[in-house]
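When the chains are written out, they are named A, B, C and D in that same order, and each has its own residue count from 1.
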Amino acid sequence: MKKPSFKIIGITLKPNSTPEFYNLLPNLCAWLLRRKKQVVFREEDKERVHKFFKQKSTEGLEFWNSKNFHNKVDMMFSLGGDGTLIGACRRINTKIPVLGINLGRLGFITEFNKNEYFDLLANIMEGKYETTTKPLFHVSISKKGEEHFSDYFFNDAVLAKNDIARMIYLRAEMGHEHIYNLAGDGIIISSPMGSTAYSMAAGGPIVHPDVKGLVLTPICPHSLIHRPFVVPDTAPIQLKILPPHHSVTLTLDGQVAINVDDQDVVTINGSKVKKITLIKNPERLYFETIRDKFVFSKKD
Amino acid sequence: MKKPSFKIIGITLKPNSTPEFYNLLPNLCAWLLRRKKQVVFREEDKERVHKFFKQKSTEGLEFWNSKNFHNKVDMMFSLGGDGTLIGACRRINTKIPVLGINLGRLGFITEFNKNEYFDLLANIMEGKYETTTKPLFHVSISKKGEEHFSDYFFNDAVLAKNDIARMIYLRAEMGHEHIYNLAGDGIIISSPMGSTAYSMAAGGPIVHPDVKGLVLTPICPHSLIHRPFVVPDTAPIQLKILPPHHSVTLTLDGQVAINVDDQDVVTINGSKVKKITLIKNPERLYFETIRDKFVFSKKD
Amino acid sequence: MKKPSFKIIGITLKPNSTPEFYNLLPNLCAWLLRRKKQVVFREEDKERVHKFFKQKSTEGLEFWNSKNFHNKVDMMFSLGGDGTLIGACRRINTKIPVLGINLGRLGFITEFNKNEYFDLLANIMEGKYETTTKPLFHVSISKKGEEHFSDYFFNDAVLAKNDIARMIYLRAEMGHEHIYNLAGDGIIISSPMGSTAYSMAAGGPIVHPDVKGLVLTPICPHSLIHRPFVVPDTAPIQLKILPPHHSVTLTLDGQVAINVDDQDVVTINGSKVKKITLIKNPERLYFETIRDKFVFSKKD
Amino acid sequence: MKKPSFKIIGITLKPNSTPEFYNLLPNLCAWLLRRKKQVVFREEDKERVHKFFKQKSTEGLEFWNSKNFHNKVDMMFSLGGDGTLIGACRRINTKIPVLGINLGRLGFITEFNKNEYFDLLANIMEGKYETTTKPLFHVSISKKGEEHFSDYFFNDAVLAKNDIARMIYLRAEMGHEHIYNLAGDGIIISSPMGSTAYSMAAGGPIVHPDVKGLVLTPICPHSLIHRPFVVPDTAPIQLKILPPHHSVTLTLDGQVAINVDDQDVVTINGSKVKKITLIKNPERLYFETIRDKFVFSKKD
């Protein structure tokens, strides 16, 4: 089904500049401007964009503040790896579709690679594309019942020790049922999309994105009995720090980090989700991506 | 909510007799007969039942053929381990509720243990109980599109080599998408309930029974890249034997075994389920069972 | 250091013929005969060798019985995979050096691949080569103290169930100390060389060939607490079948299989070794082989 | 064989005070003083010792500086867990035998538990005991060939990321042979004694203390192909940080931590060992300890 075509195009750049930007960026912008699109960057990327364009004209490019940028464009390009895309999705209005072009090492969510996307671009600009929605899971921290932190994750929420030498002790619950206590480096609560990221490194299973579940993967548990656990994504999972208390950090998608105190309760609520919209690469199949990435360690 | 009370009570016995039967069985039957219940065994258990009763009177006990036994009782006791219960569930009319009393080693599905069930029995007989339904997943074998075998599993379908010395080669697909090829001892397709059985032994994750998924767990894969995979239980999974062909067996719940030829396609269809009805133990919590069984290796 | 040059050259062929033999075998024999070597095959390979030579002359080739073949040649080529080489090493006089040319899938012990060995052959024939010795570990089965089976393994001794549906129960001891009891599919006792074969598939660590140890790797243990165990190769390891007894098979290197009864004791004695002599490929490095085989799944 | 009896007895206390000290310490000291032993603590423990004695007399107790304490006693008690014992062993003259009394959670090296040691004490004081020596492995850091750090570890040397969000890249070599490159949280180089500590938590095998080897266990490797590796303890292992460089810390036995820069080379040299002397518990068997600790999670 044909969708309305896009007028205002936002472009998010990965934080670390790569040589690839010098070619790819002027070409992409020229292509879009020729088709009478409005091309918009974040204000904070203005200086870098001018650098990438060197002598080339940047006429027609616009630079907006973060609020407008994440709410008033018609679609957004994310140029970078999965991290860049996830970062953009955390801030963007969930109605705006995002197209990820992979410039990083492993592109799982970033479905287009930098060599193939141009062929598909004309169609996409004209509204011939499919989208998929992916959940951002809600996570909060509360102390004595008062919530004092609230955010979302796409891949994973990691509760882990800060201090190299010490292990931490956790109590995990689902609903009000006690799952287990855990002594070790920490625990990963991963979405299916995140199951091939840090959770897999810690020994977790691969979970297909259509499974409605979350994975609890212990990090270096000091016990032989702990196994990765797949639980429904509807009941809230609660994590509590047990004594003796050490410095513990909650990290969301490896991008947001916050200290957790000993009376804090971390709640992951799979039923409180925000759904972001991604433009699908019609040539990408899920299992093929898995095979490509892990068997041959292919880099796009 | 109160349900209609039971009149006709079937009793299935585990195939291997245990000393426990000599006490438990006469006591249970006497208790039921006093309450004017009709107590029914399978014809094939007649000789054993008499043996267990020794001098005690077996008056009032009935012995029915398998067809009547599995279709015309109001509820059924399964006395044995999870295997006995699963065996009964494969044959019973899915409307008839089953109550499992655990006499085996590890009771996961068999929710009542032999010391605690008596207290709950009076209530249950009067219709004060809760039930839960659990899926039996459909599995079939076809050759050149013709289905020539069809059955169900509760815990797992295992496709594995027969011959000690050789590994087998498999191709796994979901829908019509290629998942991976596998060289090794075989593969386990496990339900969430079966995830704590053979799949766990082969390195699979624990999957909560409320997750709508199936686990693909390779058995001794001759490759470092294979990981357990959790997939939705709605799309059919197809398994094909690749050359060089060796002797391969499909086993369902460790109870039904059938040879698989090189042109056979094994299809597990999570959307074709039969739902059996189990009487719940109100005092059993899922995670508590997991902890009891695996942390302390408690035997009921 | 230069060693005495070889006069009589034995050639062992892998049991399953491959197209590669049609080229490789006539070329190798011609090369050897031109250099006045005596070229010897096993009598049982006579028909196959003639087939591989097609119209070409087989004049000068000799066919000896197994006893002479494995004791009176000066060196031996093994043409095949690791299995072929191991099979030859089980029978050959341990003084005779063996050179493995890999025609199989994964060549770990078979150090030469079929494309590179010719360059090195002239030197080797003239005595310019290095050898390495590798242990064959002794394994025996005894009943009530009487040994009734005795053999050796290179890679691994596997004690495993025959019957798909049942698990077996084992007791493992080292010296007279109880290691653990195990319920599951079986156990692998692996040499360091074998650690990258079946033991690795079952989750075992990679052990460098210079480590004096044996790996005990459980196969699908029905318990969360079992881990692979590396023990010294000097103390005898004893394995006993525990009740309930099921059909159990001992397999050596996937080549020799024997049934084990319930009163049998299987003893692996790392201090009773036979040392075989292999000709080293000077261009092969251990870790490079590991990387090649497992990272890139390279096939020679 | 009877050994010379001890005159001067040192007592090392675990850094965190436990209630157990209030009973155990006055009793132990009184027992020793009655037998005319000289009882010595570290100067820094003076205040705590007086606290533990409450009203009881501390007459006869001596408090020495660290240098004298670790060199001039005849034997030493370590009261605490494995960490306390390892800390003492790092500083003590290797000739002085150490007896570990376990007050901690898991006592692997600390062979005596607080309930059983008193029975054995009379014999030990009279010289009737056996000792065992255990290696401390040498680890050094050098930059451009210049060594700028040097120390020992008993259990493990851990090279790991500091920063929660980032993975690090390492190159591991043995001798001058390249083992592999690793992307992940870090790597553990573990002694056999340490194989049941952090290495096991990260998925490493259990290695018997008589095996002459070191275990390389990757921590959450971002790749499916990495497996724990057991290598001989004679060749030096070298670890190098690869770009992009992140903050990396080397930790020895969880007690000593030092930052590692991007041009630093960390060398673990198994052939440069210091051997410490431990008093053995004649009633402790290795595999029994393993079973006790991991199967039943027994706490002494």
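Things to note:
Keep in mind that, in the parts below, contacts are C-beta pairs under 8 Å (C-beta built on N, C-alpha and C of every residue); 3 or more make two chains touch, one makes a residue touch a chain.
The UniProt protein names, listed by chain, are A, B, C, D = NAD kinase.
Being a predicted model, the structure only gives us computed values, none of them experimental.
Comparing contact pairs by residue number, the interface of A-B is reproduced by C-D among C-D, A-C or B-C, since over half of the pairs coincide.
Counting C-beta pairs in contact, the pair that comes out ahead of the other among B-D and A-D is A-D.
One simple way to say how far apart two chains are is to compare their mean CA positions; for subunit B (NAD kinase) and subunit D (NAD kinase) this gives 48 Å.
With centres set at the average Cα position, the gap from subunit A (NAD kinase) to subunit D (NAD kinase) is 41 Å. For subunit C (NAD kinase), the set of residues that touch two or more other chains comprises 200, 224-225, 227, 294-295, 297. Chain contact summary for the complex, subunit D (NAD kinase) toward subunit A (NAD kinase): residues 158, 160, 162, 164-166, 184-185, 198, 200-203, 219-224, 249, 251, 254-255, 257, 294, 297. Listed in rising order, the residues of subunit B (NAD kinase) touching subunit A (NAD kinase) in the complex are 174, 177-180, 200, 204-208, 210-213, 215, 225, 227-232, 234, 285-288, 290-291, 294-295. Against subunit A (NAD kinase), in their complex, subunit C (NAD kinase) makes its touches with residues 224-227, 295, 297.
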